[in-house]
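Here it is: the structure, laid out below.
When the chains are written out, they are named A, B, C, D and E in that same order, and each has its own residue count from 1.
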Amino acid sequence: MTAAPASPSLNATAGRGTRAYPVQAATVSFDGVGKSFPAARGTKRGASAPGGGLRQVLSDVSFDVEPGQIVSILGPSGCGKSTLLRAAAGLSTATAGQVRIDGSPVSGIDPRCAVGFQEPRPLPWRSVTDNVAMGLPRGTPKADGGRRVAELIDLVGLTGSAGHRPAEISGGMAQRASLARALARNPGVLLLDEPFGALDALTRLKMQDLLLDVHAADPTTVLMVTHDVEEALYLSDRVILLGSRDPAGPAGIAEDIRIRVPRPRSREDAELARLRSHLLAQLGVEGH
Amino acid sequence: GEGAGTGVANADSAGSITLDYATYNPLSLIIRSKGWLEKVADGIGQSVEWVNSAGSNKANEYLRAGVIDVGSTAGSAALLARANGSPIKVIDIFSQPEWSALVKTPDSDIDSVADLKGASIAATLGTDPYFLLLQALETAGLSADDVSVQNLQHADGRTALDTGQVDAWAGLDPIMAAAEEGGDLLFYRNLDFNTYGFLNARESFLTQNPTGAHAVVNTYAYAREWALAHEEEAVTILGEEAGIEPGTAQKVWERTHLDIDPVPGDDQIAVLENIGPILVESGDVSSQENVDDALASIVEKSYAEAADRTAVAGAIEGN
Amino acid sequence: MPETPAPVRSRGSLLRAVARNKWLAGALGLALPVLILLLWHTLSSNGTFSPVQLPAPSTVLAAGVELAQRGDLWFNVAISVQRVVLGFLIGSTLGMVLGALIGLSRWASVLAGPTIGAIRAVPSLAWVPLLMLWIGIGENSKVTLVAIGAFFPVYTTVSAALKHVDRQLIEAARSFGITGLQLFFQVQLPAVLPSVISGLRLALAQAWLFLVAAELLGAAMGLGFLLTESQGNGRTDRLLLAILLLAILGKLSDALVGVFERWAARRWGAAPAA
Amino acid sequence: MTAAPASPSLNATAGRGTRAYPVQAATVSFDGVGKSFPAARGTKRGASAPGGGLRQVLSDVSFDVEPGQIVSILGPSGCGKSTLLRAAAGLSTATAGQVRIDGSPVSGIDPRCAVGFQEPRPLPWRSVTDNVAMGLPRGTPKADGGRRVAELIDLVGLTGSAGHRPAEISGGMAQRASLARALARNPGVLLLDEPFGALDALTRLKMQDLLLDVHAADPTTVLMVTHDVEEALYLSDRVILLGSRDPAGPAGIAEDIRIRVPRPRSREDAELARLRSHLLAQLGVEGH
Amino acid sequence: MPETPAPVRSRGSLLRAVARNKWLAGALGLALPVLILLLWHTLSSNGTFSPVQLPAPSTVLAAGVELAQRGDLWFNVAISVQRVVLGFLIGSTLGMVLGALIGLSRWASVLAGPTIGAIRAVPSLAWVPLLMLWIGIGENSKVTLVAIGAFFPVYTTVSAALKHVDRQLIEAARSFGITGLQLFFQVQLPAVLPSVISGLRLALAQAWLFLVAAELLGAAMGLGFLLTESQGNGRTDRLLLAILLLAILGKLSDALVGVFERWAARRWGAAPAA
């Protein structure tokens, strides 16, 4: 499907509003990353996972993300996409290999990253505004911070609900608030786990363009998980497809595709359409 | 031997005697540890239950709630209870103890009661040491307003004295005896300002089970005689039952006069008359009238007058 | 996303009125005490209990009036309130601080946790001689004892609740660079607010309980003193008066915590489970 | 995009496994349904909603769902789709109009409905199996219940994680567990709020077919919210588009489209493609 | 979805060893008590405090040995443990039931809540004369008093926590037809488990505290009796012995709650915030 070109006003605002604190985009290197989890414990009724007490989810994932690149991660549900992102953010430690940001290994939560979680995870007792403000880098002057938060809330279309608590907004609105929070951070590496999953078609396109605008204004490194192949192709410089031949075995990199179509891209670009068929076929969806 | 079952209903049944034992009443300790009253009661078809009283106030509480029939208290406490409406009568005097006195540390420069002017003194309000203190002050022309009385539990009073937080302490045995062992000095003693050990019975017990009351008083008479004859064994019983050191027990024993007339009467009323106004002034009793009524009605002489140790000797000695 | 869930069955209109009108709720809350009062009156006047055992409500009231006329009552109340307030503030603050430390730092928990747990079991009466040795018999030792009483409920509930704060929220906050004290005040504390408040409730109640022991420490005034003194000299009317006053003051101070609770609920909104 | 035809084995299993307790499909009638919420309270920094203390979200929504129909609800994020579904389930009461199921008005949680929430909402202390079992109708014999739960877990592809706790499974897996829980209920009305939002392309197609299979075996009334226009068209007998001209005003029914394409449908059907363009245009996504 | 979050800074290896080895943790937990013991020994032997004020640890031990040889010690301990166990079981069960009622039913909360709140403030010592009147001084009244002590912490924490259970979970469960008792046992109780457990902790501690008051009810045995008796006759060594035993037993019983807590954590897994 094709989007309406992002409205110029959005572009302009995004460009102006979010450039405030330019930060050095960072390199992210995955170096033989593997991850195992303990197998299910209460195997009362369910079948237990094979292989002792551990189940390997990821194995030997290696790739480098260059500074300023946008990389999408695709793969079947439960294959380990979130796990990989969490390893990059330092939210969990890889059981094999390591992740390095700008050469230094990630250990513990890394301040150079900002994360948009798969679930929105707002603090329930704070308004939307205050939740987004949580993302601001430490030491942002109050006035600047306030302005920036208001701008971001406007960009994700939540101005009317800025004073609401998380329990009073819809699922899609919470997801946009979570995106705004991550963007407020203005990080070296932006890690987004399905940032647009709960959005309707139009809002989704708008948010994709917002992300591109923010990136254009301040080209940080972006690593995002998505289930939408078109979205991945429209946004990214590179698509990593996770998967494994053996359904019970650990996932690794199945495809690593560079997308050399220049931006701004048309959603109807022929090269993108070709890649889309290819990726869908790889994901098991044939016949298109 | 603890627990009298359910209170109100149970205690009124005619066929049983529930009475207390207390460390300040050595005769009760002896009777209980020897099992004498059980034997006596057996002979008249009654049963006995013992309840521990931690102090006069506890004994009064039990009497009031009807969980015991006979309880031992200081004379002052019995007066206080009666004046506040508790239906009790003193049926026997178990001792004339010198259980309270004024205590100081060895390095203190207090020599007499007169030196107490302006001093701070630890005492437990409403107990015999407190009344002794007030009577003593009166002898020196002082009143409670001339000193600062620190209301502390007896054991805490001793600590306060030893740590220098107060200048003097109106002490109570056995803590006072222990303090003496530890070097503290009794600088004012007066046997007559102590208010005797009263054995009190609930009025309804006396009407419902006079036989039982007689049995108790007779057994006390038997125990009194025995204790005077077997001092050493009696001291041992006191030490063990009260959980105090043998030396302390000996001191306490020496100050507990058992060879007295057990019939309650004028001697007791005399000392209580001193205390009455103090009770009224402190607000513990609401009027002097109550005190006078209590003084007029508290004594029940007949049991002690009829006391006969030989009446129970047979049952106790088993022949 | 959820709003207040609809009820399964529709409820009586009275209950709905109660929910709206707090005066009505208060009046209904008085129903049970009034019933108890009636029962008390009956039992004391029909001879089930004698006047020394259970004086009639009117007698207790008279005792109160008498004390009030002598001017003692207000002073008794005031000094006790002062001790409880001071002790509660000190004890609950310390409880919060130590509870946070133990709940958040594994080191502190391993080293100090067992000891604090053991000290918790020392009865209030047992503290009396110890505090007299250490602090003497002034106002300090009384306030300290009340503070000890207020400490443990806050400590226990806070340290336990902190161990169960939603991991996802903490993780999210930490990933945004919120750590240490900031994390505590911005995430963990709001998350455990309901627990903190029920800890404060219990702490306040226990402060009143410990007051009685505290006023064995050389007090000549205060409700705890009135209680033990009346117990000692058999003034059951004053004893009941002291109990009633303690209950009423306890309830009043608890209501203040309730006000704080409602304020906090507004401030922190749908304060989350924790 | 087009799906691979659902595998025959899936069809067969679903048909057999979930027919166990046939229930009468119910009629759902929305009758002038409107809903207002209190406006944001803490308007410290955010702009407050206009119009006194209330903000109207839905107004005058009226339509009837026939027994056994599958109806999709589309609309922009935050327009009130979840609110409408919640009103049907009796989870919240409409402030105007009413919802009736089989003629009797919904008041309080309605036992004839099963809900798949927008967030998966599992009980965190129960395994996947036990969470799914929660959906079983009261009084299901233990053995039957166990068999049915195991079947459903197998159908949604969670057999390997049946013993895991919710915290140990991925977002998409939790969503599938939530779907299984709703299906286990075998209800008169199945209410699904974006049941496939967190799934990758292939899993999504599989789950769509699973829903159709279950429906074919036991044709209950289904009301679902989705953001995916193609999904709505592939699954539904009818699509309701919510929206409003005035962005601040309440949403109502903007379109009500019956889809008369017989099942099994091809995802590449020309009629569906036409409807898709139309709906996307209505949603504001032009140029396709 | 989250696993245990990684630490911000990497921690010392000793702490990691402690996390793995509970014996090591136990040993470290003994460090502080040993330190206190040393301090105590020093203070009592260098003359800061006289032997009556603070007897040396060895004296206290000797007093314990003496009592043990007379056979009294074990009986004292056994009878007190029995009273605490019975009272705790009764009180905490009632606390759970009434806490659930008040936490879940608005009617119950409006009618009974204020009264229960007021009763909470009645000091343990004040119960003694009342219970004596109502139940007498048998074993029943002692267990009742301990039960009263155990009741309130459970009641308060449970009723408060139930008001803050995650609404989304309850809504989900209710939409699947889980209501009433089922809802309580399957959703609300597991959700508030951490609060219930800290309530039980406090209840157990308070049961031990109330034991001392309970054993003023005509007891001639028990640790509370030993405590008051020794306080009354100035045997500071026995007093300290009683305090120590109470602390140790309190800690031991608390450890049992800890075992239950760990079992519950395994059984209910990531027991959620509440």
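By definition in this document, a residue touches a chain if its C-beta (ideal position, glycine included) is under 8 Å from a C-beta of that chain, and two chains touch if they have at least 3 such contacts.
By chain, with names taken from UniProt: A, D = ABC transporter ATP-binding protein; C, E = ABC transporter permease.
Because the structure is a prediction, the values reported are computed rather than measured.
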item	value
Partner chains that chain A and chain E (ABC transporter permease) have in common	C, D
Touch-network distance, chain B to chain D, counted in steps	2
Set of chains whose contacts include both chain E (ABC transporter permease) and chain B	C
Whole-Å gap between the CA centroids of chain C (ABC transporter permease) and chain D	48
Distance from chain B to chain A - Cα centre to Cα centre, in angstrom	84
Chain C (ABC transporter permease) and chain E (ABC transporter permease), separation of their C-alpha mean positions in angstrom	17
Where chain A touches two or more other chains at once, by residue number	37, 82, 91, 109, 118-119, 165, 167-171
For chain B, residues contacting two or more additional chains	8, 61, 65, 153, 155, 159, 163
Per-residue overlap in chain E (ABC transporter permease), given as positions that touch at least 2 other chains	1-5, 8, 53, 128-129, 133, 167-168, 171, 174, 228, 231, 270-272
Complex contacts: residues of chain D adjacent to chain E (ABC transporter permease)	89, 91, 109, 111, 113-115, 117, 119, 121, 123-125, 134-135, 137-138, 165-171, 174, 181, 185
Residue ranges of chain E (ABC transporter permease) touching chain B (in the complex, touch as defined)	50-53, 128-129, 132-140, 216, 218-221, 225, 228-235, 238
For the chain A and chain D complex, residues of the former touching the latter	1-4, 37, 40-49, 74-78, 81-82, 118-119, 127-130, 146, 149-150, 153, 159-165, 168-173, 176, 193-194, 197-205, 227-229, 248, 280, 283-288
Touching residues on chain B, where the partner in the complex is chain E (ABC transporter permease)	1-8, 10, 23, 50-52, 54-55, 58, 61-62, 65, 67, 153-155, 158-159, 162-163, 174-175, 178-179, 182, 242-244
Partner chain D, residues of chain E (ABC transporter permease) touching it in the complex	1-3, 168-169, 171-178, 186-187, 190, 267-272
